[in-house]
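So, here come the structures, one by one.
Note that chain A is present in both complexes that follow, paired respectively with chain B and with chain C.
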Partner chain A sequence: MTREQKLVLPLVSLLAMHLLVLFAGFVAPYDVATQFREHPYAPPSPVHFRDRRGHIHIRPFLYAWKNNGKFAEYEEDTEQIMPVRFFVPGDPYTMLHVLHSSVHLFGVKEPAHIFILGSDGYGRDQFSRLLFGGQISLFSGLLAAALSLSLGLLFGSAAGYYGGLLDSLLMRVSEVFLALPWLYLLFAVRAFLPLRMSAAGTFLLLIAIVGAVGWTRPARLVRGIVLSAKERSYVLAARGFGATDWYLLRRHVLPQTRGVLLTQAAILIPQFILAEVTLSFLGLGVAEPVPSWGNMLSALQQYNVLSSYWWMIIPGLVLIPIFLSYYLLARCLEQQV
Partner chain B sequence: MNAFLRFGVLLLSCAQAACALAGSLAATEELLVTRSEVGRPGGKLIIAERSEPKTLNPVTALDGPSRDVIRRMTADLIRINRSTQLTEPALAISWTNSSDKRQYTLKLRHGIKFSDGHPFDADDVVFSFQVYLDEKVHSVQRDLLMIDGKPIGVVKLDQFTVRFELPKPYAAAERIFDSVAMLPRHLLDQLYKEGKLASAWGLNVPPSEIAGLGPFRLKEYVAGQRLVLERNPYYWKSDSKRTRLPYLDQLVYLFVPSEDAQVLRFQAGDTDILNRISADNFPVLQKDQRAHEFTLLDLGPGLEYNFLLFNLNDDTTGRLPDVARHQVWFREQKFRQSISEAIDRNAIVKLVYQGRATPLIAQVTPGNKLWLDQSLPKPGRSVAQAKDLLRSAGFRWKADGTLIDSTGQPVEFSILASASNAQRKQMATLIQADLKQVGINVQVVPMEFRAQLDRVVQTHDYDTAIMALGSGDVDPTAEMNVWLSTGGTHLWHLGEKQPATNWEAEIDRLMRAQETEMDPRKRKRDYDQVQQIVAAQMPIVCLVSPNILVGAKAKLGNFQPAILDHYTLWNADELFWRQ
Partner chain C sequence: MRYLLRRVVHGVLVLVAVSILSFLLLHLAPGEFFAEMRLNPQIAPGTVDALRAQYGLDRALPVQYGLWMRSVLKGEFGYSFAYNQPVFSLLWPRVLNTLLLNTAALVIAWLLAVTFGTWAAARPGKWEDRVCALGTSTLLVIPDLMLALALLMLAVRTRWFPAGGMVAIDFADLTVWSKVKDFGAHLLLPAMVIVLGTFPLLYRHVRSSVSESLTLPFVQAARGYGIRRTQLLFRQALPAAANPLISLLGLSFGTLLSASLLAEVVLSWPGLGPMLLESILARDVYVVIAIVLLSAALVILGSLFADVLLYWSDPRIRTNER
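After this line comes the complex of A and B, so read on.
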């Protein structure tokens, strides 16, 4: 397999996951805040093709969950077959801020609900929340990585190229950033923030915080490359011909950092996704009812949820294929560099 | 050989003499004979506490864990039986009151001793009340012992008789003796005179320097790990077979970080009793009930009530413009009523408490059978009615369904909830979804409990908050500081000099009237009226009252949990291990 071929698998799977999350409104059967209060902690609904009489159906179907009188204990109501329908009308949604619709990829008729990954303690569909939560978790990772790489590129190249006092100053600052106990600082910062913050505001703040914390490592790497690149003979020659600093950086020095930046991106993005998940898990992320994988997982802080409802762990399990894809990508990129 | 025999005989006669002496002492000792099941002495009981006690000083202890431990080490003159909810003799063997109901004469038990063997008499009683009533000591009990701003008078009539003089008739007089622990004068008098009493009896006090009249006394304290109490050999109760109580040799408190840890330790058999189980963890334990031989009990609603609190403080104008703007809505009675109407309490009962709670319309819970006003309407939910109320108060809706006030401002506010309390966060999330249906945008703000309390009590920088209150007693007098407009727990409007509204003035009047009214029926009528005002005015929107859920190992005898605090250990002196 050539190196390019090796890149295909992680890239395609990541692209697929991001598209799925981006079009969550269409793919998810319900809105994130819709509470089916009759169905708290409903287990994932099994999708059937064969009914209890043994007849095979071409169209998949499910049975509605029937509560047996005790809290969160259900059995299938096999009296009525509830066929899964496609392109059904449901809760209205907006995709990419412009597309308004209320058509969902799949769904079932009331009184049944399709919980393919179960429901949470309020009877909200875990699958829908997982997709919408991915918008926060995945894209905060991407955007925070973009932010910290830009900052890293800016400070790293400035420190490496100009050297001297600026270099010392920037590197000492980066050491301070590395040494700070960030988690505790974040708790302190949260206490000073206003009580009412919109979900979008919190999202941007999370990105800003995570991105601002993470710029030091790429900055130090970029600085190293810039330091060696600026002493290359062709750079010195160009300078002799009267090239400006900006021209040299743009034309000769910064292109050298491309490989490192790409590899760093593939390493940082999963780290930052995890950072968002951790912060939200601890209650520092977006507020209810907006989901993120972190605040979905925070239900597991309760012992009874952890011990009784296994499907609540799914937002944590989803991280595994995503991280694997990113690390695969990082390794391929590293080999190319 | 002869010498040895003689020595033996001498020893025997000494022992006989000692027995006779002990016997004669016991005769003058007026022990309280309990009627509970006769148990078997020995063994220890282990209980996990979520936080360590801060002190062992009954005068200054404020926090729950400290008071839990102290109550096992001390005794009161008259106590409230947690099971019957009635008063019964404790250190006082009997009492009479004068015809004007202002003088109570208490007869103390003869011949009983503190846990260090020192005798107890009227001087200790007079000393104790002197300490509790001393302004400089800042005791927690002082508020309770002040009636109409005047202290209760205490007079020693003879060595075993004390007279209490009340400034005016006081309906709950007998009940206030419960939780006023008797202090040993011989140990504390010197410290009191030196002004060091408040700092005495910290956790590191040597066991020889602390004594009480409770069933247990201090054995050891290991910081961060455990506190061990041992049997008080001088305790003043016995069972019907004249065996001196308590049966248990030791009471061990372990310190664990969370409620889940408490449950896990109990499940693993490391601890013997669970004083309070959340409704989430109850079914988890129930699954194991057979295999592990637990007794798990649902005692029904307790005295605790959860509520949504509106910020009605009036010191926010100018200082906190955002809050002040929202308060215009909160001050509107119909707005508060519509919020109550929009909240689905049955969903809270079902989803947050798994059915183990009761919806409330006012502050008195169904657990308080004596005082609940049965005529109050049952809380219902109607989005249409909530909208009608809002419409009649001048609110309107935008095309997208958002509620706006008469100036066109969208109605939105935040709810503070303690971040460490899963139930309150869940309630807030449910309320958020409920209020969305009437067009109100609510933000749930989980916050560390101390930070939340600081906003509610100190800075008043909040819109609404979910909190809970629970009194230690069923009597309405225990709720005085919540409902009096000048009360320290009058959470929605703290520090009022004058009642801010007519209905608050009316509650003040009724609460004061019931306090001094001696006719129980008239008292009940007054307090019923208070409940009706609360249900109509809704300064707090009462939500639900959670059931008291407790557990213990099945072999624990005399286990009689009650809905009054301390639910499980209130009769620790009678608990014993079956074979």
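After this line comes the complex of A and C, so read on.
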């Protein structure tokens, strides 16, 4: 396989996941806050093609969960088949802040509910919350990586290009950052910020913290490249012809950092997604009722959830294909550099 | 030796910088430990002010830092509001627990990495090598948090391991042998999280540096003389590959402590991790500062240890200095 072919699979799967998450309103059958209080911890609904009497149906269907009298114990109500319908009206939603609609990709009629990944303790659909939670978890990682790469590019190229006092100052500061274990550093910075805020505020705050904490490694790498690039003979020649600093940086020096920045992005994004998930998991990040993969996982801190409801771990399992895609990307990019 | 001395001074300077920075940040923070008390109508505002004065919180920031420095020199590291005792006596047992867990995990992870890495390097491209590569890649894409949660789930469901804590409730009544067994069983899960989290990276470095040293002329010559493979690998190739690996050891303490923080919190090992979380939520600022400083100190000590080890193991560094 050529390098381009190797890049296709991870890129396409990442793109698909981000699109699913962006269009969560349409793909998810319910709103994040819709509660079915009579169905806490309902297991994932099995989708059938064959009914009780052995008839094959072309349209998939499911049976409603019937509570058997005990808490969170269900059996299928095989009296009535509930066909899965497509493009059904449901909870109203807004996508990308502009598209208002209430049509969902799929759903079933009352009294059945479609919980393809089960429901949580309030009877909220896990699949819908997983998609909406991805908006926070995936994009906080992406934006935080963008922030720390820009900071790294700025500080690294300034330190490498101008040298002198600025260089030693920035490098000493980065040593202080690097002396701390990454999670301890993250927690320490989180510690001095307010604990309770609005969801949007927390989202931006997390991006700012994670991005500001992670600039050191890209900065040091960029500095190294800039240091060697500015001594190349064509750069010296261009300087001799009267090129300004800005022109030299833009035209000759910074383009050389592209490969390293891309590789760093593929390494940092999953790390930063995990940072958000970890902080929210421990109650230092995005708080209920807004879902994020971290605070969805925090239900697992209860013993009974851990022992009885396996589908509550799914928000963590989806991290694995994402990490795998970024890992494959990083490996491809590294080979090129 | 002069180099080591310089490293020690540098480390102390970094620690001072960390303390100043964390002091500044924590005091710029809105909200403090006594803020919640102000909301309580049963506590008079005068009482809160008196409490703040007692802890020196009403002084100017440089004065507070000076007071704190004095208590650091006395070995107290400030005062915990929530526990009402000097921070150091609060943290010391937890530091020992964290060190114990990390030392165990570090030893296991390196033993595994050196064994498997050397073994795979000797069989490049064979199925053993491929299986190891696949295994480490799989571990690499599973986040630490998931490892910890999955192991906890396993423990809760199968009851093969005790889930959480450091010793059983009836620990005091056990015989010496069952005490060791019980402690080991509790140590196993958090240590496993850290080992599985750090092993893949270590394995890769071991494998690549050993396979590089296998191409060195003197190793080839030794092979030509017909020296047995195990001896060739562990007596000739591994020492030649040790140099970058010891540097890696020095650099890996940060990752180790981060992994351990998660493992400790999720599997409730009574180390520094749960304490850090608790003190952040309670705004117990001096405990937060002390834990952050301790973690930095552990990382710096770790890299110093690696430097000493390098000095001891590599004659080239010693002869260079003379």
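Please note the rule applied: the second predicted complex is superposed on the first by the 320 of 337 C-alpha atoms of A that agree within 3 Å, B and C clash if a C-alpha of one lies under 4 Å from a C-alpha of the other, contacts with A are read in each partner's own complex, and residues count from 1 in each chain.
Operating definition for what follows: contacts are C-beta pairs under 8 Å (C-beta built on N, C-alpha and C of every residue); 3 or more make two chains touch, one makes a residue touch a chain.
None of the values given here were measured: they were computed from a predicted structure.
Enquirer: Looking at A:A33, would you say it contacts chain B, chain C, both, or neither? Reply first, second, both or neither.
Expert: First partner only, chain B.
Enquirer: In the overlay, answer first, second, both or neither for which of chain B and chain C A:I320 touches.
Expert: second
Enquirer: Which of the two partners, first being chain B and second being chain C, lies in contact with A:E175: first, second, both, or neither?
Expert: A:E175 sits against chain C, while chain B stays out of touch.
Enquirer: Of the partners chain B and chain C, which touch A:Y122 in the superposed model: first, second, both, neither?
Expert: first
Enquirer: Looking only at chain A, is it chain B or chain C that touches more of its residues?
Expert: Of chain B and chain C, more residues of chain A lie in contact with C.
Enquirer: Between chain B and chain C, whom does A:Y303 touch in the aligned arrangement: first, second, both, or neither?
Expert: Both partners, chain B and chain C.
Enquirer: Once chain A of both complexes is superposed, is A:G283 in touch with chain B (first), chain C (second), both, or neither?
Expert: both
Enquirer: Where on chain A do chain B and chain C both make contact?
Expert: 191, 195, 283, 303, 307
Enquirer: Along chain A, where are the residues that touch chain C in the complex?
Expert: Answer in residue numbers: 172, 175-176, 178-185, 187-195, 270, 274, 277-278, 281-284, 297, 300, 303, 306-307, 310, 313, 316-317, 319-320, 323-324, 327.
Enquirer: Mind pulling up the chain B residues that touch chain A in the complex?
Expert: Listed in rising order, the residues of chain B that touch chain A are 260, 263-264, 280-281, 283-284, 322, 344, 347, 350-351, 354-355, 412, 414, 416, 419, 422, 425-426, 428-430, 432-433, 436, 443-446, 448, 451, 461-463.
Enquirer: Which bits of chain A are touching chain B when the two form their complex?
Expert: 33, 35, 37, 40, 70-72, 121-123, 191, 195-197, 283, 287-289, 301-305, 307-308
Enquirer: Can you list the residues on chain C that touch chain A in the complex?
Expert: Those in contact with chain A are residues 11, 14-15, 17-18, 21-22, 25-26, 28-31, 137, 140-146, 149-150, 152-153, 156-157, 253-258, 261-262, 265, 276-277, 279-281, 285, 288, 291-292, 295-296, 299-300.
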